[in-house]
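Here the chain labels run A, B, C and D in written order, and each chain numbers its own residues starting at 1.
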Amino acid sequence: MKLLVDKKGRKHLVEGEKFQTDLGIVDLNSAADVAKSHLGHEFYVLNPKLIDIYEKMPRSGSFILKKDLGAILAYTGVGSGDVVVDAGTGSGALALFLANIVKPNGRVYTYEINEKFAEIARKNIEKAGLQEYIELKIKDIAEGIKEKNVDLVTLDLEEPWKVFAHAKNALKRGGFIAIYTPYIEHAKRTVEVLREESFKSIKTLELLERELEFREKGTRPRTRMLGHTAYITFARKY
Amino acid sequence: MKLLVDKKGRKHLVEGEKFQTDLGIVDLNSAADVAKSHLGHEFYVLNPKLIDIYEKMPRSGSFILKKDLGAILAYTGVGSGDVVVDAGTGSGALALFLANIVKPNGRVYTYEINEKFAEIARKNIEKAGLQEYIELKIKDIAEGIKEKNVDLVTLDLEEPWKVFAHAKNALKRGGFIAIYTPYIEHAKRTVEVLREESFKSIKTLELLERELEFREKGTRPRTRMLGHTAYITFARKY
Amino acid sequence: MKLLVDKKGRKHLVEGEKFQTDLGIVDLNSAADVAKSHLGHEFYVLNPKLIDIYEKMPRSGSFILKKDLGAILAYTGVGSGDVVVDAGTGSGALALFLANIVKPNGRVYTYEINEKFAEIARKNIEKAGLQEYIELKIKDIAEGIKEKNVDLVTLDLEEPWKVFAHAKNALKRGGFIAIYTPYIEHAKRTVEVLREESFKSIKTLELLERELEFREKGTRPRTRMLGHTAYITFARKY
Amino acid sequence: MKLLVDKKGRKHLVEGEKFQTDLGIVDLNSAADVAKSHLGHEFYVLNPKLIDIYEKMPRSGSFILKKDLGAILAYTGVGSGDVVVDAGTGSGALALFLANIVKPNGRVYTYEINEKFAEIARKNIEKAGLQEYIELKIKDIAEGIKEKNVDLVTLDLEEPWKVFAHAKNALKRGGFIAIYTPYIEHAKRTVEVLREESFKSIKTLELLERELEFREKGTRPRTRMLGHTAYITFARKY
């Protein structure tokens, strides 16, 4: 698989030897860094990184953005060798990032109840070449978590609190749970049930991302900004 | 090394068998999950995770916060096995997070010109047990980067643009550079020089973090908020 | 009354002819624009504007900040000649701004149940010279609003919804209600009861203010920022 | 002139006796609070307030939003009887708000160099019935300000610093200048020239507005948010 980037910065993930764009057909047989379409347009040819797979991946359900992904990575300090339980898988974006970090010795167990979502995720995982490190379970995580000694549980579910007791059993002491909830009422219930389950170090965050634009006329934050995705609640088992 | 957490949530990193706090002396010889001080106060006893080392680490120079750390991790997709060049090391916080992700097969080469900072960083790295994966160089990165085929270059320097040409040579195609600049003029110069050096996919971001508080009286964002740390500029070598 | 500003920008509201500061005693008898203390320090001598009274006013209860004051002024378009009902008065800050706008033909009726707060407000109103345009009522607004044909009702109360039916009766068609609530649950209940009472054009806002600093080292948003004051809900009677 | 609001909350400013909408023709001859179109759809019939004129006004050039309008009103404390100088007029939105506040004894002198903009503004001012209190000058304010004893100067210009010396002459002691600049470089230059001109109490702000949505599924900030309009710099003449 190759990443093609045209002169406007548009990216294409390409499997196979020939690729058709609105700028012409590109032949990928040559090993050159820059390919030319039959219409003379140039494309950078690169080996895709995880971030490229992520950006071009077919999506289902809610899709976690980088600002929120980053918060989960940084606030939990997830690292090489960690065992992670994740639900729901959705399109698999978070599972991919986590697997890319915990491999080769760690594992991500990701639960998805919706078979169509799971199928999309399975393809995304294979495209990223991470199937060895991710176990995709078509299963309701609210029925229980088999994994033990887990370092991190990540939840993006309608009713995440149904899973907190299971998560507590599955987690190592010192381990983290991270819960993604778009609505304030859900964040509130999340915190209440975490407190009931004696989770510690509970903290609910929201991240706002602004882009700074450098134009000839001057510098300024972008006019458009995403107003909200979700609150992320972190807690630990002591 | 153990992590002790008292009932108010205050954390202590403890080396050795006895630990004195304002709540009394704690004997860590027993393997119990909860220790009692000689004054009867209870402490959770845990194996520290990277995040605990990070939170308690001696600091020098500027210190990168989790919201910004997370952006670097998520926007570059840095993963297992990656080779990273980092400068300046400062207290080593970013190098630790990166090493914890790229190990066991990746490496972090971190440059620090200030010997005192380097010494603090060296101790932090050892405390985190990551010395095998981090090479700490007491050297001015503006004089050149020896490493090749680098996946990611991270810069937190007064004049980061002096390093961009070197970084471009060191980077793999598709690799990322991430530059941390507190001031807008520096972010602007950063973007201008990145453009001159033909870096692509240039984007400058700022992350704002809000905490949501759930009290008996009601739910609300915290009164205090950090107004600014830095802009982070990302770019790639195609 | 005079406004004295020292060279560091610190402001003092001064009644009488002599004023003692840590920079010496200032004699205000002369009509000069700049006064000198007996220690030789200079002070600007000015006629205070409303904003100076506001900034130096004794405070009680919650105190509305300029960002929120501004939202109330701009979203309701309150203007000359308008009749406004306000509760609770608190220190009177909002009533002062409103009176300064609606005078000479408009009126502000402000209700305060706490006698101590009312006394502080009374003094603030007199200091601002606006007593002719503000009627301060020591009364529970939840018991009813006598005023009719009101253009704007502003509420900063523990349980503002108890007043919505009264407010609707008091308001002119097209008139506005603005409700200040620090907690999300209160904003939610506010919106629910406004809907029940058939208020229209309901909108709940929050304003975040960032200051930009221009220093020799560079330009950047201030490190400290206020994370939250309150949500303001606006609605109209059609 | 009447304000018609349909059941979806869409507003129409209507002059004349009949009004055609996609919901049918409405006859405004009756004095009823609710009118019915010939297709049976109901409309609220109201006397428009300034805010309605503002929201429906033909626009030209940049258009100041309520969050920024509010900041100017609250940070300067502009009030009844004040004399204001404003440039450029643009569509007149800011001049309308200011006139609505300073009338009947105050005045707004608004300068616009672009005749087309001035013509649009003139119509907007008449529609709002504020022509008695606003003097619209088709003139380059950089050539000088005739007005004296001014309480407030508001500037939304490409190169506002060309006017600062004139503004200082025109302003009363204690008076305010407020400068609206979308770009950071312009805000910086603004602050530099204000310092050179010995303006005091200089402060540059940015306001971010978030809307809170209360839906059946839950409460959350709106997904879309305006990322940036402008920085507003305030300063005073001592």
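Here is the rule we go by: contacts are C-beta pairs under 8 Å (C-beta built on N, C-alpha and C of every residue); 3 or more make two chains touch, one makes a residue touch a chain.
Just so it is clear, the model here is predicted, and its values are computed rather than measured.
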{"item": "Neighbouring chains common to chain B and chain C, by label", "value": "none"}
{"item": "Chain centre separation in whole Å, for chain B relative to chain A (CA means)", "value": "21"}
{"item": "Euclidean distance of C-alpha centroids - chain A vs chain C, Å", "value": "46"}
{"item": "Centre-of-Cα separation between chain D and chain A, whole angstrom", "value": "44"}
{"item": "Set of chain A residues in contact with two or more other chains", "value": "184, 210-211, 219, 221"}
{"item": "Each pair of chains that touches, named by its two labels", "value": "A-B, A-D, B-C, C-D"}
{"item": "Partner chain A, residues of chain B touching it in the complex", "value": "3, 5, 9, 33, 44, 46-52, 54, 66-67, 69-77, 79-80, 97, 100-105, 151, 173-174, 184, 187-188, 191-192, 200-201, 203-214, 219, 221, 231, 238"}
{"item": "Chain C residues touching chain B - in the complex, by the definition given at the top", "value": "182-186, 210-211, 217-229"}
